[in-house]
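Same chain, two partners: subunit A is paired with subunit B first, then with subunit C.
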Partner chain A sequence: MVLTLILGLFDQFFSPYFLGVPLLAIAIAAPWVLFPKPSNRVINGRSLVAQNSFVLNFAKQILLPLNVGAHKWALLLTVLMVNLITLNLLGLLPYTFTPTTQLPLNMGFAIPLWLATVVIGLRNQPTIALGHLLPEGTPAPLIPVLIIIETISLFVRPFALGVRLTANLAAGHLLIQLLSSATLFLIDQMWPVAILTGLVMALLTLLELAVAAIQAYVFVLLLSLYLQENT
Partner chain B sequence: MLSRVIAVSASGLKSTAPLGAGLIQASRSLHTSSPSLAPVPPLPEAGKVRHGIVPEEFFQLLYPKTGATGPYMLGTGLSVWLLSKELYVINHETVAALTVGTVFVLAVKKFGPSFASAMDKMEEEKAAWIEDVKDQAMACYVDAIEEEKKEQWRVEGRSMLFDAKRNNVSMLLETNYRERLHHANHEVKRRLDYQLALQHLKVRMEKEHMVNWVEKNVVGSITAQQEKESIAKCISDLNVLAKNIQAKATA
Partner chain C sequence: MGGHDAGTQHQFTGFAKYFNAFTITGRRNCVLATYASIVAIGLFFKLKPKKQAAIKE
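Here is the complex of A and B:
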């Protein structure tokens, strides 16, 4: 507690250690602790009702455009969503480590899931999966170019997924840090400006809350779209 | 709030994955009362907290020694000590913490009651739906009982119905029998009439034939001499008769 409180700008992105003990596993498993398990009761308390309604409504929404064969992915997508949104929101608390700001973690989510959708598509319906490489209604001269472009787009997808999440969250955290450093500095120098900066901080916090939820949702939504293409 | 979460989740950890499967069976020996249909006890009251985070039990813990202001003094003194000894350094995260804390507190104050009432409404709707199912089932059963009683009343009248049906059937049989009898009679009479008419015809034809034969023979047996004599006699008879009548007329 003593020395780590003298913070640099990028300290929040370092993997957390305490007296030499790595805490990364605890940081990543943090959401598991926060959600109570479903009870045997029919009528539950408010937190459990909120949790249940969120999970069930989200699962229903995400599975609407998918055909029945893809419903096997229901649990995976819902758990991914809950995990990501909790990790993101917990990262907004002070002195926390947000695992989703680390590119390896997000790539670890994105690459296997994206690859699974591609392999499922190529295995079950190879013609249709390859057909996605050429959008409908392209003029004949553009076809070769477009196929190359679509293939590149296909292979960029996992990187896009991972980097999108990482960049959004890391940038948000950095902004919070910069603005709060600025506020702290300005309290000495010109405190009315510090109040202004503080207001901007408040607005930024609201934005970050939204971004945390939306980025998680976008991640899962895009995966469900890739799945929909391939099943 | 979070302090209570740790306690609850610790108890939740006990019944998770590898233990969970056998725990239900294994813990059956710990059940002291038999599983009953008694209504489930209502949800326990949420633990009391002061200022949204600190449990009431903490204040009760310190009350005997330090009175009502004890925990507040503890909090103030602790934070001032941390700050003065630079055990807690004020850095940019402090500002971030203050901002996030303010936003969070304002959000809970603003949206808390409506969120809570929405959750409560969802559960109430669920309970009302279940009650409705139960009420509808009971109404169905009451209707079924009424229908059953009506059916029992109907059964009492069944014997009269069967008698009427039996009468009906026997009347039909009787009618049919009589019709066939009449028909048989009619046919027999027709045949007998035919035979009768045949015999009458035979007798009449024999009579006519005999009369014709007699006439023919009689007419054939009259010779010319006889015919002349009979005609002369007739003329003389007629002359005599004419004379008589003239005489009667002139007399």
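Here is the complex of A and C:
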């Protein structure tokens, strides 16, 4: 019985076979087919048109408040957005690992990009970059305090970026796991309550779909705001 | 891009000309002065000679 328990713990990580077909192959290939290859046709297929429309509209939207000097970040910001939204949304599929629940990955995105915006600001326009550390119109007695507060806030930015994404996604996934475990357990015990928890889980999954997209957008938007300050 | 004060409508004189919270150069100077003060205070406490306690017989 103990051996069965030990073996049973890892069964969930074995990719299933269905009618003799290893579903692992399909699982690995699936993200590849989500992104159609760009073509030189005048009229493209629906999926390519949808992808292009999303990318172009997003790029236009994110670059709207930015100076011309910051437009060289267009590709980076768009790729970052597509990457994050893909990782987040695919992670909501069952038995799919979500890389953005891991803090090192998100800090790997946040710290270098934030640092790049700070270095660009200090290098190209040091007066304006330093001047941003004191809000305009501050009363004289508050000036040193506010400068210290703004400096701390500047250095907390990359951690806030990374931890926001990690915490939102990890918490969502944890809630889904807890609710699904509770639903499965309650089906035998109290099935009306199981229906309720199942319903809550369905609603939570819808919320997590929104959170996945929104958090990716917030990450890229905040980065573009930091860039806007420094260009 | 908005948010950067050209400072043309502020006519400061004396100390306020260089250290104020309205012009961009004034704000920059305040920031640099604050950082310099913090470094100076830190250096002062670090380099201050430590008093040795008198030996009582």
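In the analysis below, the second predicted complex is superposed on the first by the 197 of 231 C-alpha atoms of A that agree within 3 Å, B and C clash if a C-alpha of one lies under 4 Å from a C-alpha of the other, contacts with A are read in each partner's own complex, and residues count from 1 in each chain.
FYI, a residue touches a chain if its C-beta (ideal position, glycine included) is under 8 Å from a C-beta of that chain, and two chains touch if they have at least 3 such contacts.
Treat the numbers as computed from the prediction; the structure is a model and nothing was measured.
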Between subunit B (first) and subunit C (second), which, if any, makes contact with A:67: first, second, both or neither?
second
Going by the contact rule set out at the top, does A:143 touch subunit B (first), subunit C (second), both, or neither?
second
Who does A:133 touch here: subunit B (first), subunit C (second), both, or neither?
second
Please indicate which partner A:34 is in contact with in the superposed arrangement: first for subunit B, second for subunit C, both, or neither.
first
Please tell me which partner, subunit B or subunit C, touches more residues of subunit A.
B
Taking the superposition as given, does A:115 touch the first partner, subunit B, the second, subunit C, both, or neither?
neither
Enumerate the residues of subunit A that count as touching subunit B in its complex and touching subunit C in the other.
none
Which of the residues in subunit C come into contact with subunit A in the complex?
1, 4-5, 21-22, 24-25, 27-28, 30-32, 34-35, 37-38
Please give the residue numbers of subunit A that touch subunit C in the complex, ascending.
65, 67, 126-128, 130-140, 143-144, 147-148, 228, 231
In the complex, go through subunit A and note every residue touching subunit B.
1-2, 5-7, 33-34, 36-37, 41-46, 49-50, 53, 92-95, 176-177, 180-181, 183-184, 198, 201-202, 205-206, 209
Inside the complex, what are the residues of subunit B that reach subunit A?
5-6, 8-9, 12, 15-16, 40, 43, 46, 87-97, 99-100, 102-103, 115-116, 119-120, 122-123, 126-127, 130
